[in-house]
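Think of it as A, B, C and D in the order they're written, each chain with its own count starting at 1.
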Amino acid sequence: MIRFESVTKSYKGGVTAVKDLTLEIGKGEFVFLVGPSGSGKSTCFRLLMKEEVADTGRIWVGDRELSSLSSWKVPYLRRNMGCVFQDFKLLPYKTVYENVAFALEVIGKPRSVVKQQVPQILDLVGLSKKAANLPNELSGGEQQRVSIARAFANRPLILLADEPTGNLDPANSAGIMRLLDRINRTGTTVVMCTHDYGIVDLMRRRVVELNRGVLVRDEAQGAYATGPVPVVQAEGGQA
Amino acid sequence: MIRFESVTKSYKGGVTAVKDLTLEIGKGEFVFLVGPSGSGKSTCFRLLMKEEVADTGRIWVGDRELSSLSSWKVPYLRRNMGCVFQDFKLLPYKTVYENVAFALEVIGKPRSVVKQQVPQILDLVGLSKKAANLPNELSGGEQQRVSIARAFANRPLILLADEPTGNLDPANSAGIMRLLDRINRTGTTVVMCTHDYGIVDLMRRRVVELNRGVLVRDEAQGAYATGPVPVVQAEGGQA
Amino acid sequence: MALHLGYVTRETAVSLRRNLLMTLAGILTVAVSLFLFGGVLLLSRMVDHGTARWKNGVELEIFLCSKSTAEPDSAKPACRSEASEGQIAAVRTELEQSPDVRRFRFFSKEDAFNEAKRIFAGDPELLSNIDPEGLPVSFRVAPKQAELTEKVAAHFNNRFNDGIDTVLTAKEQVRRLLAGIRWIRGLFFAIAGVLLASSLFLIVNTIRLATFARRREIQVMKLVGATNWFIRVPFMCEGLIQGAIGAGLAFGGVYGLRVILSDLVDRSKNLFSAFYVTGGDAIAIGLLIVAVGATVGAMGSAIGLRRFLDA
Amino acid sequence: MALHLGYVTRETAVSLRRNLLMTLAGILTVAVSLFLFGGVLLLSRMVDHGTARWKNGVELEIFLCSKSTAEPDSAKPACRSEASEGQIAAVRTELEQSPDVRRFRFFSKEDAFNEAKRIFAGDPELLSNIDPEGLPVSFRVAPKQAELTEKVAAHFNNRFNDGIDTVLTAKEQVRRLLAGIRWIRGLFFAIAGVLLASSLFLIVNTIRLATFARRREIQVMKLVGATNWFIRVPFMCEGLIQGAIGAGLAFGGVYGLRVILSDLVDRSKNLFSAFYVTGGDAIAIGLLIVAVGATVGAMGSAIGLRRFLDA
């Protein structure tokens, strides 16, 4: 489903955010992407969405190789991927409802479908009451949940979640994790960046650790920190 | 130092974010403000900075009562408070250096002082190398640390930190917490919102818990969740 | 590409409203500049009509001897008597056969008097002083090329014996007047041009600022999977609407100007009657204006969106 | 308030540069509108000079009988002979004693011929037809109030026996012409006004959009403890600079226009010589323009910042 092949990405300014990364994530997997601040996690997501282009190496999403994807096809790539952005990236002049509806309008869903699905989704993240609010009228955690709702509104094949629980209390976090788990069980590939060791340690899913852009760990049922479970160093394959 | 007296704050739309809150925080205290998403923590901070005005009740910061503070004095109020915003609020067209320097320029510090202090502060949060970067060229955690650096650049009497570790890995979080602790020891009052139970449980400082805008717990050396330590319900006083 | 009409209308309306002041400034400048542009065109049509006499290359007038210029006893070379029919016919034949003459027209005494009446309608005292019989007959001559004027003039000059009094090459003052009018017209075209450029500028800017102010939003829309067209169409409608409304206002203005000018000309009777402007002129100019307005609007949008296209 | 000069300069420059296109549009519109404004003022000064004859309330002309209008044998009431010195003196006395007359001026035959020479300088044929001796003498009369014109005219009309041929109240055509000129001038003032308003608009907008585009930034600055003035001053400098540069360009333009117009008038000799404009006029207009430009800039900034002041 997702495959990085010797991918390197440097930003102007000389920072190498991702260094010679080789990684494969299969269809339907649930992967935690961990690593210290600035280790290149968000950069990986940006590469997958073709928001940034890799310097060297190749990236496959599904059966498409991104560097050879013409730019007018990029929107269609993105429609198959939902992304919960670390900074939410909500549309500031649209209400919560419109923000989520936008993801459906973009793919040309008829108005009736939009009208039916959006309230359902908002209900899932516990924001039915805030449907008419603008993003700046929400608390941090509420904004984060709108971003989550939008990300899977159009039932993407791949869900990228960048710290989806960074602004949520443990109870809400657990709810979101259950939601992600449920989405994953329907066959959606989920990749999640997080610093929340509690969640990682609890879920025991595949953990990929980056450090200064280098893959340092790829463990089948890992903990947040390298623990007693033996480290399975996988070379671009599934652990 | 800080005193809320029967403070209620409703937003238009009918949400009561803070309900009849009475709370006193003494000079030099270190307080964790916890509570689920949307419980009114950030609203308390906004009230303290007079970004929002309370509907009823009174708020003192130092010896100033905020509702009677004329608007031209507000900047001077804010100069005595540093705030780490939940959404960072960095100036997008200024570099990391300039962002931190701005907080000093605003209070009229001469250029030479600015030139000397800013690098020191950036060093404290581990961002010396990123001084010339713009905020959108930073990772989430790096932006958060810039926000922290700016908040205490001008050595405020009160430091408000809204989820300062939400986007940071445990190691960085620990570093930031050590920093906040050190700042606290120099006599600065620190109030910190957080969902990071690890930190709260480790530090064992005063914990104030909000739920739907209502003060539900005020514990001297509390844990994140109500634990075995006896709950000291303080009525507007120091626990 | 799924572009619901409802979506486009909604987004365009929202954007126009949000930048209301900017939109108004854009429309206003387009309107003013197009109005000036149209007004200049209108005035220059009038000037064209008014100076038609001096157009078509009429560069010289040959005045034959008249009763009042005849000085039978003068010592200097001068007309001895009024030009005879034979002399007039001879000059005509000469003009017909000259290879340098493109066209000419005979002006009888009556024609001359009519013209005088027209020109000096405002001065009855002077007119009453003019004796039609004393006026000279003349030929208005257009040479093949303007450069030949002097040659033709020299050929006919100083031939009092053939009944020719004097040859006037297009009067210096009239030339100056025409030059002045042309110059002022040029100035106005320049002003209209500058204004047009600045209104193009404004539309480009309205669009670019709208995209700039919303660049984060646009970026987010793209990240959510919106195609360029999905985002672009509302902005383009914005530019077109501004251009169109501005042009409409200008059209109205030009038509109003035409009515007022016609009225003025009518009322001033003879004095300006040569300076008329037809309804057809006004409509042609109006259509040109609308076309220019639409072009400016579309171009503005296109240029304003270009940077955003790259992204 | 700690406002380092360095800070203000830096911030202003950054903001002007960031909104470069917008800034240019603002400057351009200010320049064009002020130029039009100044040009209109300049032209109207010229028209004032050129039509001075009809200013000062000269509303009627009393023509006395002349050699050429005398019809000794006519059956209708008409001049019998040229007005005598005594008749002229009588009219003069009457005018002097009339309570309705503010001012009057005697026009001798020579004056009339000089005027004719000036007006018809372009038409030697016609001039040669005019016999100075045949021209009538006249009085140009300014009544106390414009409303008295008809009364005075009636008093002098149809008095052939007193040597008065006819009374012309300010000739209809000239009136129309003046009205036309005034009308066109008004139109141009209106256009200049609209443009000025739209440039004010533009500056307001540049500022408001700049603040709008940066409202998040401004809010953050405030949260960090910046005073309103700390944030406002760079924006105000922005508006002032735009207004000033625009006014400067317009000043140059008006001065250039003056030079060109003077040149045109000089070259056209007599035809337009009445329509002159002095250097003093141009400079006064220029100063007025700069003042208006600065005002527009400052007002634009103030209005543009008002919403932000509230916050």
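As a working rule, contacts are C-beta pairs under 8 Å (C-beta built on N, C-alpha and C of every residue); 3 or more make two chains touch, one makes a residue touch a chain.
Only a predicted model underlies this, so the values are computations on that prediction, with no experimental measurement involved.
Novice: When you check each chain against chain A and chain D, which touch both of them?
Specialist: Touching chain A and chain D alike, sorted by label: B, C.
Novice: Which two chains have the most C-beta pairs in contact?
Specialist: Pair with the most C-beta pairs in contact: C-D.
Novice: Based on mean C-alpha positions, I'd like to know which chain lies farthest from chain C.
Specialist: Max centre-to-centre separation from chain C belongs to B.
Novice: If you average the CA atoms of chain B and of chain D, how far apart do the two points sit, in angstrom?
Specialist: 65
Novice: Could you state the distance in Å from the CA-based centre of chain A to that of chain B?
Specialist: 29
Novice: Let me have the rounded angstrom distance from the C-alpha centre of chain C over to the C-alpha centre of chain D, please.
Specialist: Between these chains, centre-to-centre, one finds 23 Å.
Novice: Return the distance between the CA-based centres of chain B and chain C, expressed in whole Å.
Specialist: 70
Novice: So which bits of chain D are touching at least two other chains?
Specialist: Nothing qualifies.
Novice: Could you say which residues in chain B touch two or more other chains, in rising order?
Specialist: Within chain B, no residue touches at least two other chains.
Novice: Name the graph shape formed by the protein chains and their touching pairs; answer line, ring, star, complete or other.
Specialist: ring
Novice: What are the touching chain pairs in this one?
Specialist: A-B, A-C, B-D, C-D
Novice: Over in the complex, which chain B residues touch chain D? Could you list them?
Specialist: Answer in residue numbers: 49, 51, 72, 74-76, 78-79, 83, 85, 89-93, 102-103, 105-108, 111, 150, 154.
Novice: Could you pull out which chain A residues touch chain B in their complex?
Specialist: Going through chain A, the ones touching chain B are 11, 13, 34-38, 41-42, 86-87, 132-133, 137-142, 145, 162-163, 166-173, 195, 197-198, 224-225.
Novice: Which of the residues in chain D come into contact with chain C in the complex?
Specialist: Touching chain C: residues 19, 21-22, 24-25, 28-29, 32, 35-36, 63, 68-69, 116, 121-126, 128-131, 134-136, 171, 173-174, 176-177, 179-180, 183, 187, 191, 194-195, 197-198, 201-202, 204-205, 208-209, 212-213, 257, 260, 264, 267-272 of chain D.
Novice: Per the contact definition, I'd like the list of chain D residues that touch chain B in the complex.
Specialist: Spelled out, the residues of chain D in touch with chain B are 1-2, 4, 6-7, 14, 18, 216-217, 219-228, 230.
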